[in-house]
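See the structures that follow.
First chain A sits with chain B, and in the next complex the same chain sits with chain C.
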Partner chain A sequence: MEKKKLLEVKDLRVSFFTPAGEVKAVGGISYDLNYGEVMGIVGESGSGKSVEAYSIIGLLQSPGKVIGGEILFEGENILTYDEKKMRAFRGNSVSMIFQNPMTCLNPVYTVGNQLMEAVLCHEHVSKEEAKKRAMEMLTLVGINNVEKRMKQYPHEFSGGMRQRVMIAMGMICNPKLLIADEPTTALDVTIQAQILELMKELKEKIQMSCIFITHNLGVVAEICDKVSVMYGGRIIEQGLVDDVFEHPAHPYTQGLLRSMPRVDAESYERLIPIEGTPVDLLNAPQGCPFAPRCEHCRRICLDEMPDYTSVGNGHQSACWLNALQALEGGSEVA
Partner chain B sequence: MKNEEKTLLRIEHLVKRFDVSTNAFQKEYVHAVEDVSFEIKKGETLGLVGESGCGKTTLGRTILRLYEPTAGKIIYDGQTVFDKAASRQPDMFDFRKKMQMIFQDPSASLDPRMTVGDIIAEPLDVHGLCNSKKERTERIHQLIERVGLTQEQANRYPHEFSGGQQQRVGIARALAVGPEFIVCDEPISALDVSIQSQIVNMLEDMQAEMGLTYLFIAHDISVVRHISNRIGVMYLGSMVELAESFELNKNPIHPYTKTLLSAVPIPDPKKSRQRERIVLEGDIPSPVNPPSGCKFHTRCPYKTKRCEEETPAFREVEPGHYAACHLI
Partner chain C sequence: MTKYVIKRLVIAIFTILIIASLTFLLMNAVPGSPFLTEHGVSDDTMLALEAKYGMDKPLPIQLKNYLVSFVQGDMGVSIKMQKNRPVSEIILEKFPVSVKVGIWALIWSVTVGIVLGCLAAHYRGKVLDSILRVVSTVGIAIPGFVVASLLLIVFGVKLRLLPTSGLDSWQGYLMPAFALGFYPMCYIARLTRSSMLDVIHQDYIRTAKAKGLGNRTIVFKHALRNSLIPVVTYLGPLIAYLITGGFVVETVFAIPGLGKYFVQSIMCRDYPIIMGTTILLAVLLVIMMVVVDIVYKLVDPRIQLGKGGE
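So, the complex of A and B:
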């Protein structure tokens, strides 16, 4: 079955021009996302995962600037859009859910009002129609007593409920792509489980594409079809979730999976940490960003950034180690 | 082995309430910690897990009397730290040399206007543990190297360090007075994933080296289970289950513990698809007006009439495995 591409990012580069110098937050990443697919982007703070998402939706703020590459959404490069076109694009075609629902909802408007605003902004519908849509959405995300809830203010909602409102707001105009930036990070585990179940359910009901940004590998394993692992502004490994988790090819991914204590571990095992500290993008190394912390680091790693090596079905890794293995082993599959 | 069996800290029926009354005639309290009792043996790590607002941090702070307990008893190494029944409470100054704390947010717990060296030496100065300037400098260097930083970094300020390094400074400060018991309050939850394991390993090494006893507080049950010998699960101010960490994982008794364990995402797509998950309805009730009877009954999938009316006792179900639930 041929899947159709919704989003294609080609060699995207984003830099922040700060007084201290140029910070290459995103240093040339490429990926594509098909219709109905959920892709996870994992990485530590400062790996560029949020910046990358902000540039798709055109919310990148000064001093950040896209300095190269293309973002093709249904074949059209959205980086060429002007502000007016971008406004129509945002919300209608792409929308976003943010990490902290309290800071994203306006405290002086009722929840119903804010939900309706999104519809009224983008579509020519009557107020009654917008209200009906808002109530349908709230029911869909599992909020009871909708009539009453519509008239309440954000502070009357709990954290989990607010995040549900955010999800409803993100989906109210039926966008083709939903970007969720750490939507469960601020929540407790039991509430996180509720939200994840909700998102899985919605994924089944409405075939919407989604980019799920998180630092939690467990969340990715649970909800995503594909995953991209970012480090130092680059995607260092990408592939289907099953492949990446079962046969991680890049030393960073391997290290991350090894360093996490697991709730399903059978016995005590000492953790194997990744030594060193995350890369400082202001003085980013010339070669592979992970090289200074990598146990397999060779001279070439410090000098040159490796290209992607295919290590399986659509599973790519940017590491000299994989490139060498591919050269030596011929058709060796990791 | 006999030494390990010795009880270092015992708390009995500890209660902490915060007065949040806005009306002089109608007293209102946040019931942060309600009737919690447990023991910590010398050299062991007791983990405390629970969601935000369950009182785990308050419990940790109350044990060190950073919050004055409302009722109950705290006994450290045979000496009374707090006893509601006594007319006068003991002075904490000497206890502070034995009991220390590592805080959650490393950047907020370090004074931005002091050098890292001075921050680490402050407890030494307060307790007068160094006789000369030379000794003080030596001690700083020793401590800073113990936590994996370099001597030169002692003259820098906290903002020049990354989050992981700041947490190392916080740990060095806690170690300065040579404590026996450390309350680790979410020491790694503010750190990046790849840094967390470095800190966890360091805490384990220090424990083995210096025979430290930890009370390890965190919301992430996988980390707590990794580092702790025993785990206490808290819900809305009460302890609902306490057991050996692997026993708790294999054989959770309380419905809340079961939910908590099943809610943690596993970084393994195949396993997480097969897994049966218990998803709780609703949110944690307000600790100002906690539910009657078993506090968990508003969200419990197995609740009965009795749960609404009667508070379950915290009792030993199997040797060393305690739980508070009517259904067992």
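So, the complex of A and C:
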């Protein structure tokens, strides 16, 4: 796989200006995504992972606002796009699938109509051509009896089928990047597995980059090449999936992995939860957002946000612990 | 579907019979008689007149007689307003006049109301929304005769732009249609706005945005159709009322329509005309209810006719 950058996010900051004050939902995050790569973004609710994704596709709802940073897509900063350019970009270069397939399709139009609409608004093709594409797409995502299904309304589809339709809709214009915002969260476990299987298959078939937002670490391990762990509006650790899961460097990531059930655990082992409550982004702490909950918390953690420390090949962690270890060890500083 | 419509129509017939009976009884419960005049009538004359129109019999018998002849297609003759002229003939003469004005009022109030409602929802909280909110509140609050009189004074009397009465030219329709449709327009605008605001935060609107659709497509294709249900509900009775004519508007602009005639017939206790016009309105209302149900189904494919509520 050639390593060429598709998406570069540089120091992105997003705030929500609420009557109670400024909520720093995303407080300066940076990452790269190469062509054909699948990146997982994990974090608990309110960690800013969805907000971050919505900014990429320009769907931030007011009072949310990007207040700093750059989002470079194939070298162009999309934050400078005007509304018209953004519309052409959305759905065409980047598309998105959402969490709740039950409510994401318009109940009063047929599935075929909604699929064809996506093609027709970005490409000058005939209706027949659009219909052909829609049917191909539905077949690709594993829907049978396509001719009939095209004429049906969303309420005639099951949840899993609707998510397949959403995936088909997301990919129908051959976007370079697909953002999946918790695509399996609202589905039954068995259906989840099917949808994941489908996405894995599609990933093999189509070389498309993908950002996979989830709080399910199992999903990340299953499908992603690399992973960013978010906490309190920041990416606190990122790297290749294997590296991060095998050698988690940040105490939060370690805590997350400890709190997850494992098949190979001994029966007497208990899950260890992370103590405390998620950070209040309205009154975000000055230092590391995780510091108040961290078992290794030191003085400096409360005062200052640490920079990234490289703890392996492309594996970075934002923790003073790692920074100090690196200083002591010396050799590990990149 | 066909079965459903037939069932609804059978129910409709009973509804109309009940409305007719109630109207008949209430009408007779009101003091006064069509034969009373300022000069006073002698008792003998009174009795003779009542006997002539079958009003000397007990009420239930009168009602039965009326319903029987009604079912046979005979709505009786006018007692007072146009003496001895068949009611059906009078209705056939007056009704089309009201329909003509009503249709124009309907067309403009629905189109303008929906468009303004969409705009207000789209520009929620902006200047346009505030202006529309004031206009629609005012439109709902001020009585029809004020609107009609104002129009008449400004355009008819002061500016002399439009004819003050009659429907002889197309200009004659402008003011009555405007006055008649103003209240419904404001009401529809408000309905559309609030229902639109509900819909605009739905997930499928976000999907439509994520697809890269333009604002206009999102509002008019994806949001509008989903927010039409309350408007359709209101439209059913509205159509029936508008085409049977507004009393106030027809009086102010001297339009020889049914609405004005209806009220006058009550004033002078012209019983057969009261019955005839009431039944016409009832029939129209009941038909519109059935039509509304069918339109629901067309607007929202999830709605299944004849299921639920049974």
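Keep this in mind: the second predicted complex is superposed on the first by the 326 of 334 C-alpha atoms of A that agree within 3 Å, B and C clash if a C-alpha of one lies under 4 Å from a C-alpha of the other, contacts with A are read in each partner's own complex, and residues count from 1 in each chain.
The working rule: a contact is a pair of C-beta atoms (placed from the backbone, for glycine too) under 8 Å apart; a residue touches a chain by one contact, two chains touch by 3 or more.
Note that this is a predicted model, so its numbers are computed, not measured.
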Superposed partners chain B and chain C on chain A - clash or fit: fit
Included angle at chain A between vectors to chain C and chain B, based on C-alpha centres and rounded to the nearest 10 degrees: 80
Touched partner set for A:L327, first chain B, second chain C, both or neither: neither
Touching partner for A:V220 - first (chain B), second (chain C), both, neither: first
Which superposed partner A:A193 touches (first chain B, second chain C, both, neither): first
Touched partner set for A:L282, first chain B, second chain C, both or neither: neither
First, second, both or neither for A:C104, with chain B first and chain C second: second
Chain B or chain C, by number of chain A residues touched: B
Touching partner for A:I67 - first (chain B), second (chain C), both, neither: neither
Chain B versus chain C as contact partner of A:I206, first or second or both or neither: neither
Touching partner for A:R87 - first (chain B), second (chain C), both, neither: second
Distance of closest approach, chain C and chain B, by C-alpha atoms in Å: 6
For the chain A and chain C complex, residues of the former touching the latter: 57, 59, 87-92, 95-96, 98, 100, 103-109, 117-118, 121-122, 153, 155, 166, 169
Interfacial residue positions of chain B with respect to chain A in the complex: 51-52, 162, 164-165, 192-198, 200-201, 204, 219-223, 225-227, 246, 249, 259-272, 277, 279-280, 283-284
Touch list for chain C against partner chain A, complex: 202-204, 206-214, 217, 221-222, 225-226, 299-302
Of all residues in chain A, those that touch chain B in their complex: 44-45, 158-161, 188-194, 196-197, 215-222, 241-242, 245-246, 255-257, 259-265, 267-268, 270-275, 277-278
